[in-house]
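Worksheet: one structure, shown below.
A, B, C and D label the chains in the order they appear, each numbered from 1.
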Amino acid sequence: MRALKNPLISLAAALLFGVAVQFGFNEYIQLLVLFVSVNCLMAMSLNLVNGYTGQFSLGHAGFMAIGAYFTAYASLHWSFLPPSLSALTFFIYAIGSGLLAALAGFLVGLPSLRLKGDYLAIVTLGFGEIIRVALLNMDFLGGPRGLANIPGFDSFYMSYAFAMLWILICFFTIWRVMKSSYGRGFLSVREDEIAAEATGINTTGMKVRAFVLSSFFAGVAGALFAHYTNFINPSSFTFLQSVNAVIMVVLGGMGSMSGSIAAAIIVTVLPEALRPLQDLTGIDLRMVIYSLALILVMILRPKGIFGELEITDIWRKYVRRSARS
Amino acid sequence: MSDVLLEAKKITMQFGGLKAVDSVEFQIKKGQLAGLIGPNGAGKTTVFNMLTGVYQPTHGEVMLEGKSLKGLRPYQISHRGIARTFQNIRLFKGLTVLENVLIATHQHVNYGLMDTLLQTRKFIETEKALEEKAMALLEIFSLQSKAHEPASSLPYGQQRKLEIVRALATDPKIILLDEPAAGMNHSETHGLMETIAKIREQFNLTVLLIEHDMKLVMGICENIVVLDHGVKIEEGSPKHIQNSKRVIEAYLGVEETL
Amino acid sequence: MKRLFIALLMVLPLLASCTKKDNEITIGEYDSLTGSDATFGLSTNKGVRLAFDEINAAGGVKGKKLALITLDDQGKNEEAAAAVTRLITQNKVTAIIGGVASGRSKAAAPIAQAKGVPFVSPSSTNPDVTKAGDYVFRVCFIDPFQGSVMAKFAQENLKAKKVAILRDVKNDYSVGLADAFATDFKKRGGEIVTDVSYQAGDIDFKAQLTQIRSKNPDAIYVPGYYTEVGLIAQQARQLGIKAPLMGGDGWDSDKLSEIGKEAINGNYYSNHYTVESTDPAVTEFIKKFKAKYNETPDALAALGYDAAKILAAAMERAPDLSGKSIRDELAKTKDFPAVTGKITLNENRDAVKSAVVVQVEGQNRKYITTVSP
Amino acid sequence: MQDFVQHLINGISLGSIYALIALGYTMVYGILKMINFAHSDVYMVGAFASYYVARAFGIEAHPGVGTLAILLISSMVCCSLLGVVIERLAYRPLRNSPKLNILITAIGVSLFLEYGSQVVFGADPKVFPEVMKDFVIFSFGNVELKSFDVTVLGVSILAMIGLQFLIYKTKVGKAMRAVSSNASVASLMGVNPDKIIAFTFIVGSALAGVGSVLVGMKYPKIDPLMGMMIGMKAFVAAVLGGIGNVRGAVLGALIMGLSEEMVVAYMSSTYRDALAFSILIAILIFKPAGLLGKYSVEKV
């Protein structure tokens, strides 16, 4: 199966890197790597809606919450497979989380499709808040107390491998969809909806597909988050979480997968990297520096770190230029 | 089956009190090159938008091959076989020339999500076929050398041609051109006439043309419909239109009788 | 210029160096120093630092100075988890003094438990926190006890038959207390006439209070943080509600009367200790606290202080500084003479101690009664 | 029945507070087509400015018209200055870059103000100086109409009329509308877009300053994050009314205030925000450009 060639190669490479992290770094850095992988999934999936389809969603955290709570509830209450196969059960739960979030994505996508730009942003923001408040009031999900002691993986390496598996599934799904006619459909909606409709593209259908696919992976990101923090409550999925996802997409470059991944790394690592500064200055300036960095990047490099290019394009550009000179 | 391809039956468009188009009726035969002319604000583009589903007519309906297009979204109408270009060019500027054309072929795609993910044979072959078809179309209009350039980098005349190629890629039965010659100099207009002639005989397409350039319209149209203030005031061959009193009045105003 | 900026962004992660002198015992502390409940984190931190100064002045523990590393969790659960992991693996701390909010403790305590690092929470009152494992302790009472204290007080002292509850639905501390109060008060034959909620950060409570007024309760239980309670009290009086308000240790701050002004006077709340107490340990603590920070300590500062003292005492008694021995010594804490009363840690490592009920009179808190477990 | 009237008063008073801030959002959006997320934090800085000015003048304990005047002026000046500085440094360089970039910058400025003021002012809540005594204007049974409620409503109506007059009846207003529809063409007609945009920020931010003093009077607790919650509600109200439309902002705000009040009073307080957003979504689905916004059908 030629089709599985490069996904398997990249999975092997990622797992190798995992071995290095397992032994090279302490648990703190390892936890950070796991949070980076959750943010990667969030950024890549939102990039499909905000980056490729040009729709403006501010409710991504809502889908993440649905995924997280489904997996948490399932892992705590159901156990139809022996604990030794926990990785398999968690994989099935992650798919369930994704499907549930995708259903929510469908329900959010439908009504908000007549809306454009800021109005769509408001409706998606509204849905995010409605989901959060609904979770707050569901006692069987722990309400404000949240769900604690969510079973995770026994070793860092298992968690890491699980995350890498999902990141690659997400990456190759979106990469291949974007290289297909559906991908071109998304791009046409971003470029000019009226022209797309006249050229035979069902723009509504495209937007709903983008929402459903993107919320599926946000649900999976939520499932990973639940396993890695072992405790979730509604206040982990606020409007700021959605804004964080949008920041990653814009910072990385709208419509660039490698951009989203790079931005996910920076957005997760930067605040932690700034902690030592706190020892020098005594006060915690991390968020102040983070927000200033945000403003500077938007002014100095509006199209984001990668612009619309992928790392492969940059590689080809620099390799060709160095080869020529 | 009568040879009428596209028929407007008493179509009316009312914005609040204003009747932009008032029960206009005309028929376009298969293979015909029809023209739609009239002074500015006569309602030409509004008729165009009703034919292509951008506006739903307040009264009356549009028939394609005897089947009504009432209530259909623009993309459904495009699938039925009506393709169009826009008055001010609406290309997918950020995408390449080839991608612009490939997007128009989306309606012929028969592979699903699974085929895409697993890169099945069906997916690969369909993609290759679509690309060949698109390149062939580009070649006919000698645009294939620019296939991988962004659409926005093309000069104006070629952008207009690309828009026509994109419309052709949907395998339409009829193509509606909205002021294609607008902003074109003499030689570019001449090039356009050749393009339109090529379309008709290579794709045996029916064409409906909105245009102000009388030389172009009178030159190639077989049947012309004239609108004024949303009402059809004349229809017939170019010669008939040229000396119809009502048309002259509409365009040049009434003669001052001293 | 652009290249420079991006390069700078890349180099920062490498800065994560950590300096660790060998003749010091490093203790880690994480709390919300920014974000919505920043004020509680700051008070606890002051209490802990005061305790550390005293212990170091008296020669430290086993002859070594105590060094404190405090990280901010910005009031977010995942930040608390990251901070604790960093303290244990990066800064190699011997023990951890936890944060105020129960939500953050529930995210952080399991990590300390898994790593075998003793975790002492000064003021997280939610029962689930110490369920994380035998390395997790707390020096304050738990919600069910504090809720029943006020239920008992309302029924016996205030002779209230009908009570309304106004809870902060976003805050599990408040929900825990409200539920505990409701169950206990009903068991005592009282009636909860209405149970309405608001969200931390709100400033207008007229709608809820107007609804409560229509039920004319004998008293209103508002187990929220003082940041909202001050406004609630004012708006209640504005709406002509005369019934007394009751609350929990979340009320304890001198800002309560500044915001509430006269409207807050005459209301009651349960607390860990009272400034008026004549116990020398308390008066001594208040004097030293005022000398260092020139402000009166609130209950959270006192609890931070006690947590640090109990931890230090356990480390002094422990044969060595391994996590296991400190844990065993902590478990043996009995009748420890702390600022917030005699502290004994029971088998699920919660503090068994009495609570006091005080009445707000302007800046000071009149002592009313003590309720023992 | 009296309770219903009391809920009505509470709802309108809450709505008029949202209106004061919503007007700021709508003005900036109307001209720049940009959601200024930092607007609610400019409001917060205004509150702290009044707090420190009152302490500097030592008037935090002498309520009266004099205090009100001093605080209003100082807050408006400080907010306007801040608004202009933000526009000049953060927004002007991005004048014609994609919408999402401007939004992220606005969020960056908002975070900067929120966390910056936690460092500068300290994270603990402070008590707003007592500006005016609140007195009962009219009451029957246990329903009371307080002076604060009336002042806030009056000021927001006045601000709306003032803005309406400014935008539609004055030369500057005409220039603002020109810049709003097409900045580059406006500059061809001798209008300096930078000056007009700066002016818009001055007026918008000054309104936030007024808002912060009036809200401080009624709810005397201020902290660096006070702008977050009220900012989101005011922003949603501005969109509800039809973003960019001055009357729409006030209408949207009143609906927001009343719906929240009635939801808590007669339905369930725990679902207040969820129901407030549901109402918003329902309205937007039927009126995709808000209540008074005109749905500009794209010319084909």
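One rule holds in what follows: a residue touches a chain if its C-beta (ideal position, glycine included) is under 8 Å from a C-beta of that chain, and two chains touch if they have at least 3 such contacts.
What you see is a predicted model; the values in this text were computed from it and never measured.
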Exercise for the section: Note the shortest touch-path length, in steps, from subunit B to subunit C. Expected result: 2
Problem - Middle chain, criterion being Cα centroid separation - result: A
Practice task
Please flag the chain sitting at the greatest distance from subunit B, going by CA centroids.
Solution key: C
Problem - Mean-CA-position distance for subunit B and subunit A (Å) - result: 42
Practice task
Express in whole angstrom the distance between the two chain centres, defined as the mean CA positions of subunit A and subunit C.
Solution key: 35
Exercise for the section: Could you please state the distance in Å, as a whole number, between where the Cα atoms of subunit B are centred and where those of subunit D are centred? Expected result: 49
Exercise for the section: Return the residues of subunit B touching two or more other chains; collapse runs of consecutive numbers into ranges. Expected result: 54, 86
Problem - Contacts with 2+ other chains: residues of subunit C - result: 33-34, 169
Handout entry: Where subunit A touches two or more other chains, by residue
Key = 136-137, 194, 287
Completion exercise
The subunit A residues in contact with subunit D across the complex are 50, 56, 111-112, 114-119, 122-123, 125-127, 129-130, 133-134, 136-137, 194, 239, 243, 246-247, 250-251, 254, 283, 285, 287-288, 290-292, 294-295, 298-299, 302
Handout entry: Touch list for subunit C against partner subunit A, complex
Key = 1-2, 5-6, 9, 12-13, 15-19, 33-34, 71-72, 74, 76-78, 81-82, 85-86, 88-90, 102-103, 106-107, 110, 115, 126, 128, 131-132, 169-172, 174-176
Exercise for the section: Note which residues of subunit A are touching subunit C in the complex, please. Expected result: 26-29, 31-32, 35, 136-137, 143-146, 148-149, 225, 229-236, 266, 269-270, 272-279, 284, 286-287, 293, 296-297, 300-301, 305
Fill in the blank from the handout: Seen from subunit B, its contact residues with subunit A in the complex are 52, 54, 73-75, 78-79, 83-84, 86, 90-95, 99, 102-107, 109, 111, 113, 116-120, 123, 127, 130, 166-167, 170
Practice task
Flag every residue of subunit A that touches subunit B in the complex, lowest number first.
Solution key: 1-3, 172-173, 176-177, 180-182, 184-185, 187-188, 190-192, 194-204, 308
